[in-house]
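Given below, in the form of structure tokens, are the structures.
You will see subunit A twice below: alongside subunit B first, and alongside subunit C after that.
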Partner chain A sequence: MKKNYDIVIIGGGPAGLAAAVAAYDNGVKDILILEREERLGGILNQCIHNGFGLTRFKESLSGPEYAARFIDEVQKRQIEVCTQTTVLALSKEKQVTVINSAQGVFTVQAKSVVLAMGCRERSRGALNVAGSRPAGIYSAGTAQKYVNIKGYLPGKRVVILGSGDIGLIMARRMTLEGAKVLAVCEIMPYSSGLKRNIAQCLDDFGIPLYLSHTITKIEGEKRVTGVVVSKVDENKRPIAGTEMHFDCDTVLFSVGLIPENELTKMAGIELSPKTRGAVVYQNRETDTDGVFACGNVLQVHDLVDFVSEEAEIAGKAAAQYVLNGAKVREEISVNTGNNISYVLPQKIDRNAGGQVKLFFRVTNTFKNCTITATSGGEVIAKRKKRIAVPGEMETLLLTEKTLAGINDEIVVSLEVDE
Partner chain B sequence: MKKTLTCIECPLGCEIEVTMNGDEIVSIVGNGCLRGKAYAENEVTCPKRVVTSTVRAENGALVPVKTDAPVKKSEMFEIMQKINAVKVKLPVKIGDILLENISDGANLIATGNEE
Partner chain C sequence: MFDVIVIGGGVVGGLILRELTKYHLNVCLLEKASDVSMGASKANSGIVHAGFDATPNSNKAKFNVLGNEMMEKVTGELGVKFRRNGSLVVAFSAEEIETLKELKARGEQNGVSGLEIISQERLREMEKNISDEALGALYAPTGGIVCPYELTIAAIGNAMDNGAKLETEFEVVKIVKNEECFVLSSSKGKTIEGKIVINAAGLQSGKIAALAGDSGIEIKGRKGEYILLDRESGDFVSHTLFFTPTKLGKGILVTQTEDGNILLGPTAEELENAGTDTSAQGLAFVIEKARKMCKNPPLFNTITSFAGVRAYSSKGDFIIEESKTVKGLIHCAGIESPGLTAAPAIAKFVVETLVGGSLRLIKNENFNGARTPDYFFKNLSTEEKNAIIARDPSYGKIVCRCEQITEGEILRAIRANPPARDIDGVKRRTRSGMGRCQGGFCQPYIAELIAKERGVSLEQVTKCGDGSELIMGVTK
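Then we have the complex of A and B:
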């Protein structure tokens, strides 16, 4: 490893890999990828189910197969990779302090940094589920690692809290390996998982999905022995008298993902409270010149295909920054209006030219609605939707021509049709 | 008779309505593409799924695997037993056949590289 690099990429998962390839192909060859695990690929390595890559490759790949496509591209370009290497600190001056067992602690200076650290799972602690602290409680992703990487089945009778995709995938996976999944409980009146996962992971195996239900008690001293599940009202408060009891030895939590932004915070980069990722321009540049963010560390995506797409934007922009330096910007802010929980990018640089795709999520399930982007009281883009759900990221395209005529803040909102 | 299905071919998850007259398909409505039509046809006659799992390598590492074609949903657990009996020699490359004809002509193939 050298002391100076044009581009340092933090994270060797799908975002980091695609960013590295894009940066290289846009003219910068002096790149370092830092990865804390033993191998490249990130969380894809434990996602052995199929369904990845349909958008990008028109094929249904497993996670490791999808990762391998990008790892091959990285290797072909002989991009330098450092695995089992953890980044400890990042400064605003783009100094990256890292640690590994071979070289100890050292610092590399980058001209540009791409943040591609991904996200982590929300924990039980973040949910305040009552009960003791016995063994047998896992996040869905931890259970996935046990089953798919280590080869252990973490339990025989399972109740899953939350209907996120990882939980649904694990319901099927543990069932196929001989466990009995008794129930999936979702506190919301809708599932946050993909419809196809409800069909092929729950319905295929007769696993019940209880919407508007949550776990109100976990029982057991040394090991989980059971849970109490209750129905909740509109305010998500448990309703007395609706309790159901399940005898189980395992509880999985699949209750959402949080971008992993400790390094971003450390560098003093502005974060959005809505996405919990960095505030960025359309080229995925943060408020710190030359520092870019992409993939799940920026916004939690539904599909890895979109992570790769976003990482290519960031990788290309990082290369341009190294080659051409910082830009003079003309900034327009992008904000959320009615029924929109977040929108990204949060800022558009008009001088950049080209079209801009806005990514956002809606706050609830809406039927027969219209999503609009407005600026200065005028509608600049709109899309009608038969159904919009928070679990599916929405997009609106602003063409170069549209952007050329805009001077005021852009607001994205959703209204239900009359 | 009408059957409502959720298509599992892609993340859109189209809701497909199949109208049947006995064993005969009268109409398929709601599919967004041709893959969805094929899925619906199979689903009302003989539902099939790609099965993904892992097998042990000699050194104890796990190698991810899948069936290279969809197999009968009703046979998934028998297929899992066959998968769990497989032991592989390293190295393994993506696409290597680890068990030929695991079911109805489908092979079990590796989906990960392991040195």
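Then we have the complex of A and C:
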């Protein structure tokens, strides 16, 4: 490892890998990828099921296969990679402090930094589920690691809370490995997972899905011995008298992902309370010149294909920053209106030119609705949807021509059609 | 035969054990759990109370104020983090302001220095997120925060380094006193003999007294539930904020912890049989009170909730004395709050006065009260860290990413006194798994390290002792 690099990429998951390749292909060769694990690939390494890459490669790959395609590209370009190296600190001046066994603690100076640290899972603790705190309580991702990487079964009679894709996939995996999954509970009236996952992971195995239900108590002193599951009302409050008891030895929590932004915060970069990731321009540049963010550290993605797309934007922009320096911006802010939980990018630089794709999520399930982007009272982009759900990221395209004509804040909102 | 046997590996028993090793005594600690610090000393508020709360002339008042004064020295020697962040008792009505004046007078009578009643304006300057309805506060600059299990483990580890013996999984179920000594038997049929027995068994101290034939101690449990917020919100408050005590109770406190998290709680619920379950009502109460104390507590940053049980005596005060009926049995019973604060002073008194009353105390010149600095890797300078990594590369490998804990520190926790045997033991010694992901990333890795170090299979690794195995088999 040298002391200076043009671009330092923090995190060697799909986001970091795609950003490195894009930066290289846009003219900057002096790149370093830092990864704490032994291998590149990030969380994909433990996702051994198929279904990755349908959009990008038009075929269904496993997580490691998808990652391998990008690792190959990185290797072909001989981009420098340092694994088993953890970034401890990041400064606004783009000094990256790292630690590893071979070199100890030392600092690297970058001209540009790409943040690609991914996310972590929300734990049981974050939900304040009442009861005891015995062995047998895992986040779905931890269970996935035990099963897929280590070859161990964390439990035999399982209740899963959360019906997002990770929860659904773990219901199938645990069943295939010999465990009995008694129930998947979901506090919302709908599952945020893909339809095909509900069919292939639950229905095919006869695993019941309890919508509008949550775990209200965990029992067991040393090991989980059971859980109480209750139905919830429209405010997500448990309804007395609806309690069901399950005798289980294991509870898996699959209750959301949180971007891992300690380093971002350390560098004093502005974070959005809505995404819990950095506030960025359309080129994924943060409020600190030359620092970019992409992938799950910026916004939690459902599909890795989108991660790669976003990372390429950031990687290319990092290269342009190194080659051309900072630009004078003309800024328009992008905000959420009715029924939209967040929108990204939060800021558009009009001087940058080109089109901008807005990414956002809706707050609830809506049928027959219209999503619009407005500016100065005028609709500048619009899309009708038969159904919109929070679990699926939505997009709206603003063309170069559209952007050229606006001066005011852009607001994205959703209205249900009459 | 041991000169002194201490029953109970909490902060009280732990600091007594360490105090005993300052003398030429053959001493042993018995703990029923698989690790030390598994009782009240594991789950409490971690406040080093100033001492304005206790009734003047009570044991609580006396040992609180003394213990508070001793805290710098003992934590300094043991390398345990401690900080005087100052306490604020906040008033929300004119009546409560009057109560603050009474508290101040009481504190002064107890010997607490620096107490001051501060205005709403100053309170707002000191705590930017205090509720708009708060009218003023009693400020106690000597109030502090310490990590209770770190202190307990360090005290016991240091005592062991100085020759004390530790027996875990030794639940005392029988005590026989013969001519020369006590014979203590465990639930697993082991026996151990000692001249003096110190009863520091927390919630079970009444039961231990009864086993020895002293029926004079009655102990009950009162549960307290907490919510812990991520360090990301660590600057939400900087002092420890208490509600003014009223006839309806004390409310909860909002504080920074010594590790930089925010702690909300505890509730106060009477309970018949001691459980550390949390309840929906309890946690809802904590949230309601936190919202009254502060503007917009960052509950979205909750990382865990937990509960601890206070052991209080029917006398309403700490019982620190030799048994009136069984000679050689010394009670430290009913040590509820402010027991953590008082513990160093209790230990000194118990050893110098009570043990010293029946055994001759000869100073141990070889006693070394300090622990080696490798324990606190994260706080070292870059040069110091690099020197350690050069010697032992495992210190260059981060295992717990949220708390930045290295493999070297985890191995050390498994090897050093008192050795960590399970996931929770490693967690309490290193903080690995205590951060925002709660072990989601690092637990499988730590389990492997424990298995390797202890020469067992991964399937035998537990969360917290027998019956809490992590894994239930291999995959197909």
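One rule holds for everything that comes next: the second predicted complex is superposed on the first by the 418 of 418 C-alpha atoms of A that agree within 3 Å, B and C clash if a C-alpha of one lies under 4 Å from a C-alpha of the other, contacts with A are read in each partner's own complex, and residues count from 1 in each chain.
Following the convention adopted for this analysis, contacts are C-beta pairs under 8 Å (C-beta built on N, C-alpha and C of every residue); 3 or more make two chains touch, one makes a residue touch a chain.
Please read these numbers as outputs of a predicted model, since none were measured by experiment.
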Query raised in the report: Can A:Leu194 be said to touch subunit B (first), subunit C (second), both, or neither?
Result: first
Report task. Between subunit B and subunit C, point out the one touching more subunit A residues. Result -> C
Report task. Tell me which partner A:Gly151 touches in the superposition: subunit B (first), subunit C (second), both or neither. Result -> both
Report task. Quick one: classify A:Asn50 as touching subunit B (first), subunit C (second), both or neither. Result -> first
Query raised in the report: Given the touch rule stated above, what does A:Lys384 touch, subunit B (first), subunit C (second), both, or neither?
Result: neither
Query raised in the report: In the superposed arrangement, does A:Ser60 touch subunit B (first), subunit C (second), both or neither?
Result: first
Requested in this report: Could you say whether A:His245 touches subunit B, subunit C, both of them, or neither, answering first, second, both or neither?
Outcome: neither
Query raised in the report: Which partner does A:Glu177 contact after superposing on A: first (subunit B), second (subunit C), both, neither?
Result: both
Query raised in the report: Taking the superposition as given, does A:Lys367 touch the first partner, subunit B, the second, subunit C, both, or neither?
Result: neither
Query - Footprint overlap on subunit A, comparing subunit B with subunit C - result: 147, 149-151, 176-177
Requested in this report: Please give the residue numbers of subunit C that touch subunit A in the complex, ascending.
Outcome: 227-228, 232, 275-280, 282-283, 302-306, 382, 385-386, 389-390, 393-398, 401-402, 404, 406, 436-441, 443-444, 448, 458-459, 462-476
Query raised in the report: So in the complex, which bits of subunit B are touching subunit A?
Result: 5-11, 13, 15, 49-54, 56, 60, 62, 64-66, 73, 76-77, 80, 94, 111-113
Query raised in the report: Considering the complex alone, what residue numbers of subunit A touch subunit B?
Result: 45, 48-51, 54-55, 60-65, 68, 147-151, 176-177, 194-196, 198-200, 203-204, 302-303
Query raised in the report: What part of subunit A is in contact with subunit C in the complex they form?
Result: 36, 84, 86, 88, 99-106, 120-121, 123-128, 130-135, 138-139, 141-142, 145-147, 149-156, 176-178, 216-217, 221-223, 238, 249-250, 258, 260, 262, 265
